[in-house]
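This is the structure I have questions about; it appears just below.
Chain nomenclature is as follows: A, B, C, D, E, F and G, assigned in order of appearance, with residue numbering initiated at 1 for each chain independently.
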Amino acid sequence: MSTFLGLYNYWIVVLLMMIGFYIVIGHDNLMKKLIGLNLFQTSVFIMYISAGAIDGATAPILGNVDAPYAHPLPHVLILTAIVVGVATTALGVALVVRIHEAYDSLDESEIIAACDTGDEPAGEHRDNA
Amino acid sequence: MHPGERRQAGIMQRYSVSLGAVLVALWLLLSGHYSALLLGFGAASCLLVLWLARRMGAVDAETQPLYLMRHLPGYWLWLMAQIARSNIDVIRRVLRGHNAISPTMETVQVSGRTELAQTILANSITLTPGTVSVDARRNTITVHAISAEGAADLNGGEMDQRVRGLETREPGYHR
Amino acid sequence: MALLLDIASWLLLLSGALVAVIGGVGMLRLPDVYTRMHAASVTDTGGMILILSGLLLQAPHWLVAVKLLLVALFLLLTSPTAANALANAAIQDGIKPMLGGQRRG
Amino acid sequence: MTIALPWLMALPAAGALGVMALGRWPNLRDGLSVVTALLLFAAACSWLGPVLDGARPAVTLIPILPGLSLSLALEPLGLLFALVASGLWIVTAIYAIGYMRGNDEHNQTRFFACFALALAAAMGIALAGNLLTLFLFYEMLTLSTYPLVAHKGNDDARAGGRTYLGVLLTTSIGLLLPAIILTWVVAGTLDFTPGGILQGHIAPAAAAGLFALYLFGTGKAALMPFHRWLPAAMVAPTPVSALLHAVAVVKAGVFAVLKITVYVFGIDFAAAGDFTTPMMWVAAFTILAASVVALTRDNLKARLAYSTIGQLAYIVLGATLANGMAIAGGATHIVMHAFGKITLFFCAGAIYTAVHRTRVSELDGLGRVMPFTMGAFLVASLSIIGLPPLGGAWSKWALMVGAADAGQLLMIAVLAISSLLNIVYLLDIPARAFFRPGTDLPAGRQEAPLACVVPLCVTAAGSVVLFFVGGHILQLLAPVTGS
Amino acid sequence: MIAHFFAQLPALPVILPLLAAPLCVLLRHATLAWLTYCTVSLAVFGISLLLLVQVHVGIPISYAMGGWAPPVGIELRVDTLNAFVLVLVSGIAAVLGPYTRASVAAELPAERAYLFYALMLLTLCGLLGITITGDAFNLFVFLEISSLSSYALIALGTKRRALLAAFQYLVMGTIGGTFLLIGIGLLYIMTGTLNMADLAERLPAVADTRTVEAGLAFIVVGASIKLALFPLHAWLPDGYAYAPSAVSAFLAATATKVAAYVLIRFIYTVFGATYAFGQLPLGEILALLAVAAMLYGSLAAIFASDVKRLLAWSSVAQIGYIVLGVALATPAGLTAAILHMLNHGVIKGALFCAAGALFWRLHRSDLASLAGAARAMPWTSAAFLAAGLSLIGVPATAGFISKWYLLAALFEAQQGWLAAAVLISSLMAVIYIGRVAELLYLRPAPDNVPAPTEAPTAMLAATWTLVLVNIGLGLYSTPVVDVVRSAAASLTGGGA
Amino acid sequence: MTEHTILRVVAKLTIPFILLFALYVQFHGEYGPGGGFQAGVIFAAGIILYTLIFGLDEARRVIPPWAVRALISGGVLIYAGTGVACMLLGGDFLDYNVLAHKPAHGQHLGIILVELGVGVTVTGGMIGIFFVFAGRGRRREGTVE
Amino acid sequence: MFAAAMAGVAVTMLLLLIRALLGPTVYDRILAVNVFGTKTVLLIAVLGFLDGRPEFLDVALVYALINFIGTVAVLKFMQYGDLGWGESDHPDGDV
């Protein structure tokens, strides 16, 4: 049962990964790419969660009186990976928003076409926080 | 400083103290650890929140309704009973299906004078199944009711009266 | 006494679950967004209060009880607020409520 | 008294810096060029006696890689090349001053600086103690002469420069460098060692491949089919042609070929392994083919360029014959051809400066207008053809003896036929100048400026003098050739 | 006290930039932020040198974060290889200090300059962290720190196209990072450890499983994306072409080198060369891709019409050299690869600095705009030329040394065809560098444009420092080669 | 959204308690599943609720941009500074044992400080990100006018 | 018994999910998702008791908070197309 569950997890991981990857590659829309990327990353979080479940390391806190704090490994890893993922998504969205402001489009091929045809004077684009 | 301003400031201090007291109480309830360190953190946290709340303008009669306190528990009990009653009513209608409902829109007068009163009334209306406040402006609340009976109950105005009854003392804040 | 408490708790939990499900059914059965909000209200108030009360009777420590009450209080404060905002937004958006004896089709 | 080896390189390098610094004062700048050239020649001469006495000074400068240093070592072959290059630099420098000023060329500072830099590189090649050092200065020579070739900066010059750089860098990076690294991998050393370093480390069949890599890789030796850069470099001003054809560049190429044959493969190994024969045929083919092409060229500098290609192949042939006499002949031919060819290019430049003519067919009757120039041309031609009493006779003779020693009688035939072709394409020019009537020529004598004429007379006279010192040259080379 | 200081050295390269980055944000002052950056990068450079000396004469240093013993806690582990990479990364960062001042002033709005320095410091922190950590997951975290901050840095570029370039880099980089994370996760599942030394010990027991094979594949692909190995290089040319000049120089000189380090570390230390090259046809695949990268990158550089893009494509090609050395799986090949990491870092740093100085004056980076610039900007042009010659591999330059070792390694491994590819790629470098040099020196400057003047001294100083290091390495590489050889020997299991 | 009386009143009523709850989570990390990260998220959520209801300008008055930057960088400084303090006190980086006379106390203190750093940074980061995104659409509207 | 309550809540969530998918208006979906959120709060609370880890109540409280803010944000975005809109931005007074 547990092996089946384990395998089941991994199938979900693989499926999510494929879907995410497909969206990243197959779509021209930058926002969709970002969503695909997120899906792709999420699949990995699930993989790590599955790994943690196999280990049986559910308690986030181990250790004794002298050492109240230890590395509760799987959870720290997942949390860290999620933070990284969130940061990536936030930066990605920020870029998408600014690309949309600069080009009025979110379509990658349209944007590239706009770059290739229109010459861009240096210093035309300045950003702001 | 004008006398009026001074009075405002005095009121402000009072509200701050009351918010601070509530915050401290909440901290003590939540924490469960009463070591010096954590109590210190608690004090610092309460002060920080108080300071921020004042910056936000969130310390006033609306949020520290000292004057309501006396009547609030009674109101709560009454409201709970209302909720229980209307729950049963709506459950019955849900189970009976489409034929059991006759949605209506009604306008309810608010006789309470403050925004807080309006809010309490609107939320109470919404909280009781069978009625939802759709729009609240000036002295009226537009209500959507699942049945004409429910709407009629509201127009009886018992809830409005009870909300108004909460304001026994004149607050220093007018709508 | 403990047994009584347990029985009461079970009853509350069961009835809470039942009320929640009925609310969910109402979400499906009722004809438009405004009427569905009433069904939502059933699960949000009735279901919630019953279940949390059931849990309250099982609370191992007064701290847990306090937190349960806080959760309930927060939900009682925010869920009607969200519902108000939702209904208001729908009306503003021009979604007309189905009134009186109107029926679909 | 001798001058430490590094100074032989440092001197022209310092000269280059000085030239750049003095850019604003043309007289000082050009004076510095000549002074540096004189000093360099004197420094090189200071080593003549000691080397003849058997001195073999060596200096290790920096360990570039573990086990591989930038090192200098002086031996007879290198000294000979150093003497030729530094000696001819003196006259070339004087000639260049006249030419550049006479033609009012731009960017003269860059020109003279690069010229001095090229000489520094040539000295490095002459003194290289190992293949790495040789390769370093070989590349430095290519790069420092590129601005000279492309000096005019117009489209033609840039195209010529591209070909020049393209062929030389392609062969050196694509063939010479791998050959060197292979040697390093196989032999574990790159030091030039009497008797060679490869014997016993490599099979003769592989050695034949490696030898080919070296000879083709030394693009400056202009073996066909890697000769295109030399005609392409005609676009350069005449002093540059002199530098390329006589002073440094091509001579560095054939010098490297000789040095690699003698000190990397070793004459004995080459003779015993018999792996040089394929390249001998390439050299023979180049001799004949270049001579035939030279015949068909009407542009004077192009004809001289193909002549150079053929003459260089003589030297390569000497290396591939792989015996003492042939090597001696090749080495001697470096000197003889240098004097002859520099004279011919000086003459071509003088003709261009005086009457602005560049084609052979336009030179009819010029002998009366420019008697000194055309006289020098005649002398140099005869030397290159190999007639006594001119220097070229020594090298041709030695090469023939070498071919006979090697039992390659066909090569004697090749040398003979090519001499006939030399006569046809070289003597054609003074013959026209002196015996055909000219058209549109100035009435009286009209030589180029003195700064041009004097050097070409000096180098022509040098060709004569060389006939009488040829024996001493062979004596200097004796320790190398073992004869 | 001194002993304690020395014991703490390994932590500092990560901590100092990590502390300095928020400091820059707090200071919000361009000059102060710049001073912070300069101070920290110089300090870190000094520390890295000390570490290198320490491990070169001694044994690898292990530093336990939080005082937890290595397999449990996060370990910082310094051996010759990563001390060497630390020196490279921090050295480039330090040299770029003076350069950034003028470059940033010209290309970024003044009120955002502090942000630039904060991001540079974060990138530096990430790169140094990747290099120094002994923990695989920690490596991933540092990788993402450096990646995220470099996306942001690229987005600071002056053209709006920089935004798209940053986004594309973000997408590719995230996929690469995630692949790495998957690979690390698979290893973790199989061994229960994340410490790389520990992994190396425990992997042989489970080496024959598909999971470990998959882990190897994911890690190699992930590192290859970060490394921009052909055909996973798509993000690099745009990223480097549109980033602010100082960023191009910094990233081109360091980021891909650190990615190469990751590849080497995983293949040689964690998996072990025998397993990594024995299990899959990894060596063959890498060599093939390396050759494709060398030829394709060089070809693209030849046809590039923008100088920064040209240099970026050349980086794609040069990465091929590094990977080729890695793929040989011999001490000589690895020596060549590690040497080229350093040498190419210095060369590309110098070239991008020079390109940035040209851009600083000309406000354009298309090739046509460079015509005749050498007359007005002799020092910048000469720097470009000198570094370009090194890129080609002309003797007496750093590029020659690494090419020498690479070719020797190839001949030693009897891979003549691969050597031919290296040589062809070098010759292609002659063409693209030659194009720029010809434009700079032999073309007349356009008449209608006012003649530019030489770049500011600070920029020139940084550029020429790199050029001189370049020549210095070319003339006297013995000590460096000794260090690299001992690093390669310890990685391939031979004695130092 | 300020014209939504109900929302406004409820928000004012709840936000102080949300913030206090965040701080409670922050300082009770080692006793429950909380910690700096979660606390940061909750605290930022409180500010975000305020922004949603009272507008970005008002929110920026309460938490000015410099404060956001200070939070982000200050948090990192607290975190790394704690580590450095450990080093200066003779331990390794983040080796809390040296922070107090008894190792257990040191660890306690170290965790609190590090979690505080994380919480402050997360708070600042979330608020910063939300401010940036919330401001985008409006800026575009502004340019249209 | 907790399990029974959880099952009830889970069934409710399933029904809500169906409503969220059916729509038909966007407000139906928002309503369904919002109530789904409050049911999640209950689920977490019960789960905590089931597991004997009542500290899950903290999580439940946080979830309730996030759910509320999320709903408000979505509604605001629907109404104004922007999350930063405030009193000072009103071009023409009340909407």
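Following the convention adopted for this analysis, a residue touches a chain if its C-beta (ideal position, glycine included) is under 8 Å from a C-beta of that chain, and two chains touch if they have at least 3 such contacts.
Remember, predicted model here, so these are calculated numbers, not experimental data.
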What's the overlap between the neighbours of chain A and those of chain F? E
Please list the single chain whose C-alpha centre lies closest to the global protein C-alpha centre. E
Could you please state the distance in Å, as a whole number, between where the Cα atoms of chain C are centred and where those of chain F are centred? 32
Need the CA-centroid distance for the pair chain B / chain G, whole Å please. 21
Geometric centre distance via CA averages, chain G-chain A, whole Å: 24
Mind checking the centre-to-centre distance between chain D and chain F? Centres are C-alpha means, answer in whole Å. 78
Please output the residue numbers of chain B that touch at least 2 other chains, ranges allowed. 30, 122-123, 133, 136
Interface hub residues of chain F, defined as touching at least two other chains: 6-7, 10, 13, 21, 31, 33, 54, 133, 136
Which residue numbers or ranges of chain A touch two or more of the other chains? 87, 129
Judged by the touch rule stated earlier, which pairs of chains are there in contact? A-E, A-F, B-C, B-F, C-F, C-G, D-E, E-F, F-G
Would you pull the chain F residues touching chain G in the complex into a rising list? 1-3, 7, 18, 21, 25, 31-34, 38, 41-42, 45, 48-49, 51-59, 130-131, 133-138, 141
Which chain E residues qualify as touching chain A in the complex? 68, 72-73, 109, 112, 115, 137, 140-141, 144, 148, 151-152, 155-156, 158-164, 166-167, 170-171, 174-175, 177-178, 181-182, 185, 188-189, 192, 194, 363-364
Quick one: which bits of chain C touch chain G in the complex? Just the residue numbers, please. 9-10, 13-14, 16-18, 20-21, 23-25, 27-28, 33, 36-37, 40, 43-44, 47-48, 51-52, 54-55, 58-61, 64, 67-68, 70-71, 74-75, 78-79, 81-83, 85-86, 89-90, 92-93, 95
Which residues, counting only chain F, touch chain B once they are in their complex? 5-6, 8-10, 12-13, 15-17, 19-21, 23-24, 26-28, 31, 50, 54, 61-62
Would you tell me which residues of chain F are touching chain E in their complex? 66, 69-70, 72-77, 80-81, 83-84, 87, 90-97
